[in-house]
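So that you can tell them apart, the chains are marked A, B, C and D in the order they are listed, and the count of residues begins at 1 in each.
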Amino acid sequence: MKPKYLPLTATIVIFVLSYALCVAQYPNILSTRVIGNLLTDNAFLGIAAVGMTFVILSGGIDLSIGSVIAFTGVFLAVVLENAAIHPLVAFAVALLIATLFGAVMGAIIHYLEMPAFIVTLAGMFLARGMAFVLSIDSIAIKHPFYGTLKGLYYKLPGGGRITLIGGLMLLVFGIGILIAHRTRFGTDVYALGGGTATAKLMGVPVGRTTIMIYALSGLLAGLSGIVFSLYTSAGYSLAAVGVELDAITAVVIGGTLLTGGSGFVAGTFIGILIQGLIQTYITFDGSLSSWWTKILIGLLLFAFILMQKGIVYVSRSERRHA
Amino acid sequence: MTAILRSYALRLLPQLIALAAILLMVSFVFPGFFRLEIQNGRLYGSLIDIFNRGAPVVLLAIGMTVVIATKGIDLSVGAVMAICGAVAASSITSGHSLAMTLLITLGTGILCGLWNGFLVAVLDIQPIIATLVLMVAGRGIAQLVTEGAILTFNDPGLIFLGSGSFAWLPLPVLIWLAFGILVALIVRKTALGMLIEAIGVNRQASTLSGVLTPVLLIAAYMLSGLCAAIAGIIAAADIKGADANNAGLWLELDAILAVVIGGTSLLGGRFSIAASVLGAIIIQSINTGILLSGFPPEFNLIIKAAIIVFILVLQSPPARNALTFVALLRASRKPTERQAR
Amino acid sequence: MQTVGDNLLSATRIDKVFPGAKALDKVDFHLRRGEVHALLGENGAGKSTLVKCLTGAYRRDGGMILLDGVEVDPRDTFNAQKLGIGTVYQEVNLLPNLTVAENLFLGRQPRRFGFVDVRAMNHQARALLENYELDLDVTRALDSYSVAIHQVVAIARAVDLSGKVLILDEPTASLDAHEVEMLFRIVRRLKARGLGIVFITHFLEQVYEISDRITVLRNGQLVGTRDTATLERRDLISMMIGRELAAEIHSARKEPDVTGPVRYRFKDYGRKGHISPFDLDVRAGEVVGIAGLLGSGRTETAEILFGAHRADSGTAELGGKAVQLSSPRRAIVHRFGFCPEDRKTAGIVGDLSVRENIVLALQARRGWTRPISRTEQNRLADHYIRALDIRTVDREKPIRLLSGGNQQKAILARWLATEPEFLILDEPTRGIDVGAHAEIVRLIEGLREKGMSLMVISSEIEELVAYSTRIVVLRDRQHVASLEGERITADQIIEAIASANERGAA
Amino acid sequence: TFGSASAADLVVGFSQIGSESGWRAAETTLTKQQAEERGIDLKFADAQQKQENQIKALRSFIAQGVNAILLAPVVATGWDEVLQEAKDAEIPVILLDRTVDASDDLYMTAVTSDLVHEGSVAGKWLADTVAGKPCNVVELQGTTGSSPAIDRKKGFEQALSGHDNLKIVRSQTGDFTRTKGKEVMESFLKAEDGGKNICALYAHNDDMAVGAIQAIKEAGLKPGSDILVVSIDAVPDIFEAMAAGEANATVELTPNMAGPAFDALAAFQKDGTKPPKWIQTESKLYTQADDPKKVYEAKKGLGY
């Protein structure tokens, strides 16, 4: 096997093993209901994490996605409450705003040569601030179209459901994989991660690519915001706090290097599932106090990273000996 | 000597200008801003508040600077603050002496740093993720110590560290001043600073040159842990209780921001403790300014974001190049003392 | 005088100013159709800068560029590529995380239905590399291959990109004779097709072998352009360095006395997957040259001796006592020094100043508590800047802004400052100009005479012959031959490599 | 007393918001205690302040097939779908300490206080206490956007309307924490002429009030007399301050929401009695006259 597939394989192996362990303890975890929930409940996180994967692959980071999700939700709620437009139109406008927001951050990062961490941190403050200004209340979205959308699902045997948003996440992952590995833009993203200066000398349009990457991340954060608003039928300015950290964690658990240039969109999907599994396991257990929950999440995170390191290390040295 | 001073002034110029601009702005929305008086044997006024309230972020920023110089990042400092506050409170309430309490607490902070350093330097885990582990678990540990409640204490000695004053200055201000100067001296009067910068710029080349990279990396995270411990003690002493749930919450972001405003690159390398301290003071000035301005709280984040973006844009390389270009034109042929970075 | 008409690429009065340095001062450069044009000059003369200005990697501060008689202004390398200018920059610029095929076709991957056709791309990549007698797994990441292969891939990419002009900035620095020959075959073919080729190198033999005309730069200024056929080697050198070069290295071998005691003894030393166990004795006052083909394990030998990789078999003895060389730090404590071959990633600490780069190893050995005073640092830096003729505005310039050759000298200075007893140099003369080359060879001899032990890895056999007292020949990660005394001649070495080759093949 | 056989086999899932304050820690502790007393197997899930985690927890409770669910919702909106799922699975849901925006047939009952009412109790006390004298009030809000912050502000303002002598001169968020409460109070004091313009402080929770009291003291003023202090929650520390004369009044929000909830559940299990849709807990006002020392001792051990 090619060395670049190692972390991904390691992640998949770890996921399957831990899933098996969880099932051994709580057989219910194998039900289609839990699997359906895993997709539905993590849909917004997964979609945002696809954007984050591209950003991280390019060697950057986007801390603004949680705030953009919240902003999108509040924006939709306020617009649908006050204006008589169809939600689809509102969706389009929201996606446009989110994409533009990302593009502007990308432009600042590129043209002003500022670190992505800080630019997107300011973006995080700004987007959350704008959400506050729109409304500090949580606003329910009562438009019938939302009901229609939520009624769309595919029923699995055993009571589980693949909901619209769960399916949307799968679709986004599929498209993300295609973009990453089958388009010139995708290769350019990896190229930026390999080194901006070098990429530039090799003729990669660095500015355009950077802007597109953050625009894509903004777009997906916006989409994630729409999904979140479908998920909760509401817009709330305090929603999705810290989602960026969850997304980063998923991306990294998925085997992508934060230094950029190496990793897979598909890995992020496994990362999301692993995080979802940790959560599910903790609720199934249900005996942990608030603080032990935190400690356990931290420890499990650590264990996953360690196992991944271990598998990669062991198989590397085995290959060398062979 | 004057040359060194001049190069210092040059290095800190952008931060000083930004600080002055913000203070000026605040004094527009709040005219009494610069008023200082002596009350209860200590200086009293908004300026002092900024220095006093800024203490935790300043302290965190000091450690964060060194960590970032090694091309790392420490997301766990907020959680470590909470742990150390909780440890301090539970130690003092369980009857340990003040000295013993401080020892235990600082030791805890250093231990947390050791853990982070071990993950980064020995297990070779990426710093963001390595420290994320403690960021998540750490708050849980802190809550475990306090059992989720605010652990209050009445030890006058410990409280003195947070709200006492000496020579008209609040103690936290004196602590961070002294600690900052101490760290800056240690780093600059020994070879530590250069070696750390070397690691941050090129770890492989440094290792091949015989630099003890793992040890220095671990030391950097330990320093960061120590800073977080001091900050945690001050934060707890300030409110006479350890609030494991909220102490240091999101403060890591402020500390990182302070370092960046201070002009240290997140890609590692050249760093300046003084500039980071100034960065932290700038952030606190913004916060205090917002509070004094009387705007509704919905606008807090937007104002903060706008000011930060403005400062950072001014400090961005293209803007700086434009400025240095003007300066160079003026200085014409004179060889420059030091390349402005 | 030529008219503009027969020029393919014409650059006139190109200016480039860096803070504190004028890198190019009204330089003219004309490239004709179907010629190989050597661009020569000392380290820091401005060759790479000129190339970067021509290809849009830097914005020039003045001057005009005509391509095919039309004024062009490449904004960036992307633009230059579109204009038909393919370039291999000095620091090999490829992306180690991408596959070989992606590196070759970045930005112009074949597509089907709008998506990259990976299979076609890999196929084309293999076909392309066949021209260079390279049979690689093109779907592997580039960083699983050696520097030399990077260089060939970079050349293949640039050649494929160049519709009109091909620029090669020191492409042969890490290639061996065989590969250079191959490159030249390709260059001649392109030349016949009417391309203009710019060729930068410090190997004068290659200049005379391949080029039609020569342009020389010195201190950012144009010295002149001549026909290669009519330019004497001596004259060329004095054009470059502005004075006569006292003596070039010629195999004027003195018979050194190396009967001293064995200082370092490595027995059965090796590491699985890196280098097979070998025995090696090094005496005081001895230069062990390491010869071998690309990828034969020369670098690996050096790294294992220095502890950059831990040996997993064998023992090391220092003056009869067993020592552990488990890390560079340990090796340095035993007064080893190691100048790595990949200066960009393993050598320079880019953002630090020349001064700090020079004192780094010494400071590391002393430990952080005993800082070298600033005055002492300045003294050391100034000393080596003068001694090795490092071209820099001042010692506080960040080293990444120095020209490639000058960076190499600064790294050398870093190790000389530690006054090592055993100095390992991996390709120390790579990218170093003729004048400095001679200096370094003299330096190696001088160090040896003072009793230092050295190990030098070089792809230039002539050079190895000039200073080695013993030559170890490697092949397939094994030490296969050792030549001493009389037997150290270029022919013998080549023969040893070749016969080892046969043995290996058998 | 309540160890009936049916309750013993009950598995109840409890989705808690998190552990952001001492009050919430006490609620968690009490809920666990109550469950234990009744022999209920409580499945506890801490959502770390995130609604999505609460929804996940609810779904996984449903997947596990628990007998009932307690939910302390982090926000009012966005529960319809998951509550519908619970209903489809015939699992009764009881809301704790906050209500939701969903149709009330989706849950069995809500055991909450009335946040707006709490604010107005505090406001009314202040209006009565100053009795017509002009009074500048500063307000420490909770976390911007959180429902207690919004409602307690609303209730307070309602109580003040019509009393033109009372004016809110400054209002900033203190994030429900002591540290921020102290910091914001410091800036209020500076901004209002060293505190001379301030006659009363209203804090959305006791923790902020405790922080602010320290700030007032450090500014050389006497909290409780120079500046009146009224807040909400009734955590033990505020009673200490009241005993010392440094705080004036607090409105109790009881952390024992689970007790009534379990009672309602038991009744429902036993003979299907439907509880009322809203079981309102008392918002009791405590002042310095209520023997704060004693209340402090009583509350100390409850895990605040």
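Just so it is clear, contacts are C-beta pairs under 8 Å (C-beta built on N, C-alpha and C of every residue); 3 or more make two chains touch, one makes a residue touch a chain.
Everything numeric in this text was worked out from a predicted model, so none of it was measured.
S.K.: Can you tell me which chain lies farthest from subunit C, using the average of the Cα atoms as each chain's centre?
M.R.: Between subunit C and every other chain, the largest centroid distance is to D.
S.K.: For the interfaces A-D and B-C, which has the higher count of C-beta pairs in contact?
M.R.: Ranking A-D and B-C by C-beta contacts puts A-D first.
S.K.: With centres defined as the mean C-alpha position, give me the subunit A-subunit D separation in Å.
M.R.: 34
S.K.: Once you find the CA centre of subunit A and the CA centre of subunit C, what distance in Å lies between them?
M.R.: Between these chains, centre-to-centre, one finds 44 Å.
S.K.: With chain centres taken as the means of their Cα atoms, state the distance from subunit C to subunit D in Å.
M.R.: Roughly 71 Å separates the two chain centres.
S.K.: Counting only residues that touch at least two other chains, what does the list for subunit D look like?
M.R.: In subunit D, the residues touching two or more other chains are 19, 25, 28, 144.
S.K.: Give the residues of subunit B touching no fewer than two other chains, as numbers and ranges.
M.R.: Residue numbers touching two or more other chains: 143, 147-148, 298, 300.
S.K.: Of all the residues in subunit C, which ones touch at least 2 other chains?
M.R.: none
S.K.: Pairs of chains that touch, anyone?
M.R.: The set of touching chain pairs is A-B, A-C, A-D, B-C, B-D.
S.K.: Hey, which residues of subunit D end up touching subunit B in the complex?
M.R.: Contact set of subunit D toward subunit B: 19-22, 24-26, 28-29, 141, 144, 170-173, 175-179, 182-184, 186-188, 190-191, 193, 207, 210-211, 214, 218-220, 237, 303-304.
S.K.: Within the complex, which stretch of subunit C touches subunit B?
M.R.: 19-20, 306, 308, 328-329, 331-332, 338, 340, 345-352, 356, 360-361, 363-372, 393-394, 396-398, 414
S.K.: Can you list the residues on subunit B that touch subunit C in the complex?
M.R.: Those residues of subunit B that touch subunit C are 189-192, 194-195, 197-198, 201-202, 204-212, 216, 269-270, 324, 328, 335-339, 341.
S.K.: Where on subunit B is subunit A touching in the complex?
M.R.: Touch residues, subunit B against subunit A: 119, 123-126, 128-129, 132-144, 147-148, 253, 256-257, 260, 265-267, 298-306, 308-309, 312-313, 316-319.
S.K.: Going by the contact rule set out above, which residues of subunit C touch subunit A in the complex?
M.R.: So the residues of subunit C touching subunit A come out as 57, 76-78, 80-81, 87, 89, 93-98, 102-103, 106-107, 109, 111, 114-116, 118, 139-141, 144, 272-273.
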